[in-house]
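In this document, chain identifiers A, B, C, D, E and F correspond to the written order of the chains, with residue numbering beginning at 1 in each.
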């Protein structure tokens, strides 16, 4: 019987050129890792069709412990307030290796 | 402390040529946006290996308020009943900008 | 009113060359399908930048009934113990076609 | 030039290499978008070339070719459908979807045939190129009509069993909703299919461009053409090998259909090309190849959308795993010999 | 060579084909990475070529060209900004973001102009190539400065309304955090932009490589160039058609700006090229094209990051949907005629 | 032709440009699939060429080359392993994974060497090409065996500490499950590796194709070859620069290994090529390059799967960040001089 431990899964969708800034925030507020997926989409800021290589979105996934969530959300909220278009949502997940997600990147 | 508000996250996996029809449904039943990701996979309808550019899947993500979920699920169920292969699941998520998801596309 | 039934959503993130081995486990322990998405990322084993086609990650998604989860998690845990870098998490989802996920692949 | 020499064409050898790579379970993978890019290039190159030549062509023969391309495109799938239903191995939905593939054409097979003729020093007319463009789509329409017929008769049967369960009402509403998939939309899709647009568009550009402009394009569309075709067939060999693995799922009867149907189409095409359209041996061989080849680019996605009830493994395995390799390895030299013997006896 | 002949260049015809493909709702899609690869190739090819020629060029004229490229890059966006603010149709943020695009350049338009001149047998200097590289970035800086000014005046206004709500404190903290987006970082981004690196890097390589090494590259950078340009414009035609659909969102006044601004830029560029830099008709036409064209590669992502408050539909529709097609179809021959008449009257 | 001229080859300059682009933090990114496509093309082109030439070659020399390629492939990693273990800077797992890379080869380095020799007007035999194909895989096997040995001795140690914790039972069950990763499977993977299949397959096709068929391929495999190599090295320069950033993580001793090991391999290769296989200066230089170069395509994924305990940063930084640039910039002319001096003294 493999034990399961609760964590949070933070998902952020934005234009791909935001990646550098998002990763900088991640490293500042401390997370153990992140995953980036190329995406297309449509929303308030129009269509991002990924037709030319310069209109792509990214979807970023971060698994992290609850206590690391708030500072990161605050930094995302500041970016949104500045005008950046970020679609952000948080879900409950369970993991089998909780230690993995308490480390810090670099 | 950033407040979190509950929303639903609808995920649909299907062949990529269904995109046009899915987006048409989205716009008909009203959502604020969607995100499309290229995928491969295997299921009851065989393998979709994305080996040639014409056997790819897509994974579509929609964040939406609970009250918009049912009509969309009904439209998806009708497509499934017609024979289309859709893998559909719904999860609970929390967002920081609830207003964003009550708008309507176009 | 479309009825919703509970399932588990298992997500695995790893290097792309693990795909064959993961799919073999899936087929051994019985699942009805899986979806694979190309990804990049960073974690304890360094950066996987997908810059050259040989440093890509994959994110694999499997919807499955609770009773099929444990054997699969055990097999994943064994892989992790062997040294493979897998990021694994489980979430609760709801589906509209529960029968779809009790079948077995091939 | 015998059939063996065909097998020593680099393009055909690369097809075989791709096939072998999968059989020995190599981890070789081509990026999925590469096949798309290669086929855009190939269609553009033959289109430009063809248009350039066609500008000097005879309008009556061109119109005649188009008419006979339509005849082939509409007739072959109906023959295929009847044959398949008679086997009683597949349901009418599957029969409709499969036969649509055989009324359409495969640009990859056509290009291999051109490489074969070039290397054998056989000349050919450009009209078959227009026929290639014309034949991409009509079979889709026939497939849709056959499927609609099958669906209605199935629905009639179901109604007796499950009358009043609300399905009909819902379907109606759904038909409403999904105008994207309505018959009209699917017909539009058939004629605005990407391959058709690239091919016909390039033909027009080849025909109307200034000659000096075209000359600057020749190194791109001529010199590297054969190399790109090799890469494309290399990739297709891998795809075919993956599909032929599903041979067992398809069954022996269906597999036989995957060989007999192109033979039939080849004979009909050879006759149309040689006896009716009065083409040279080379030109008639190309028409035979059009008749024999089965689509694997335009038709599969159309059938997925429009006939979702049909099992994709059937038509993909047949067209990609059986008919395509059969034509590339065996069919092309065979159709050439056939037309040659027609020419001798004629 | 009249303006009609421009429309019969294969490259221009492929642009039109891409446009038509979208209009008739074809399912034709180019893989998104293809456009990127094609533009890397095109920049590399013209860079190598230009560098090879420039190695033999006159250093004074080169420096002069760079200075005037900077003048154009800094002046044109300011003119555009003032014009836009005067229309009162967009807010200052949008005006800043839009006008930055017009101070920068479009390599695709420049290459189409080269294809046009080549096909008309008009020779041209290589200096405009350096100007192309130089002009990619300065307008981004002007755009940022204009946006910063607009932001400050907006903030001043907001402060009166919502003083003390903590936003200012947070912004400060955020400015801190986001050094990635600070002004310095954005300037760095502007000058290390991928296109600039490929173009300038290839020019240097073309200038310093051993001649025997360069000779081996010519088939790659010369022979297939025109074909690759056709593919690129094919793709851009589809992109432009998708964007022109947003025409209504933009409104008539803005759309007019998308035609008048390149005309203004073209006239200024023609004057700089012909009267000031003393280039030939061909060379001055290229400078006119630099003045007239609007960036759609380097500037949009920079504006997205640095001026997130601006609406991307505005600047993308204008530069891709209106100005780019206008220049390719109408502008280039127009600027050529303009310079020709300058040459006659001069 | 001195070492400086090497640095003025366009291919080497593009490598440097890629490197610089990363150092100045340009946002230039090549689509990840581009590198894959370019290397498929490059392997196909040299394979076809080599096969075409080899068809005329001497079978005894070919067999001899293969034997010595195997000797190099099996010996070099063992030497590397012993050296690494003696440094006491890495554990045996890492030592096994790293040294496997040095027994294998880098096609990119080999091709740069060919560009260098071509440009210097030095001729070479085709046999080293077979050796390139042969040497891709054996080192993987040695790496696996060394890792298995290391794993057993580690397990023996652990058993004393943690006997009876069930791990052993589980591993057994797991070995069962993961036949995909069993030794047999990994050997199969090593020999059916994508690069090996493309290279050997193309060589066979080049050897058996009809000459008329091959002639149609030459523009594709010859004329644009150097341009594609430039693009490939441009990309590799960016990859190398990203990796060299991890230099600190690797430490000085390991970094020194990344320079000394290729020097050792180069000397051994030069000796094998010149003194044993009796090749010309050009041919022996290529064998030296085979000895000196470290794999970054076939071996890394094999080690990731088979030796997951090893730290990928170590072997990737060494082979991509240190040894590859060293060989391209300094090593190739050095090995050439070495063989030249052997030729003079011999």
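Brief remarks follow.
The rule we apply is simple: a contact is a pair of C-beta atoms (placed from the backbone, for glycine too) under 8 Å apart; a residue touches a chain by one contact, two chains touch by 3 or more.
Chain identities (UniProt): A, B, C = Transcriptional regulator; D, E, F = Sodium-dependent bicarbonate transporter.
Note that this is a predicted model, so its numbers are computed, not measured.
Separation of chain A from chain E in touch steps, taking the shortest path, is 1.
Shared contacts of chain C and chain D, meaning chains that touch the two of them, come down to B, F. Seen from the C-alpha centroid of chain A, the farthest chain centroid is that of D.
In a homomeric contact, the two copies may use the same or different surfaces; for chain D and chain F, under half of the interface residue numbers are shared, pointing to different surfaces. Centre-to-centre, using mean CA coordinates, chain B is 19 Å away from chain C.
Chain E and chain F have Cα centroids separated by 42 Å. One finds 37 Å separating the Cα centroids of chain B and chain E.
In this assembly, the C-alpha centroid of chain C lies 45 Å from the C-alpha centroid of chain E. For chain B, residues touching at least two other chains, in rising order: 17, 37-38, 53, 91-92.
Counting partner chains per residue, chain F shows two or more touched chains at residues 27, 29-31, 33, 36, 219, 223-224, 301. Which chains touch which is summed up as A-B, A-C, A-E, B-C, B-D, C-F, D-E, D-F, E-F. Only residues 29-30, 32-33, 35-36, 167, 170-171, 173-174, 177-181, 235, 238-239, 242, 246, 296-297, 300-301, 304-305, 307-309, 311-313, 316 of chain D touch chain B when the two sit together in their complex. For chain E in complex with chain D, the residues that touch the partner chain are 5, 8-11, 13-14, 17, 20-21, 24-31, 33-34, 115, 118-119, 219, 223-224, 226-228, 230-231, 234. In the complex of the two chains, the chain E residues touching chain F come out as 33, 36-37, 40-41, 44, 48, 188-189, 192-194, 196-198, 201-202, 204-205, 208-210, 212-214, 216-217, 219-221, 223-224, 301.
By the touch rule above, chain C contacts chain F in their complex via residues 15, 17-18, 20-21, 24-25, 28, 45-46, 49-56, 75, 78-79, 81-85.
Residues 1-2, 4, 7, 9, 23, 32-38, 61, 63, 91-97, 100, 103, 105 of chain A are the ones touching chain C in the complex.
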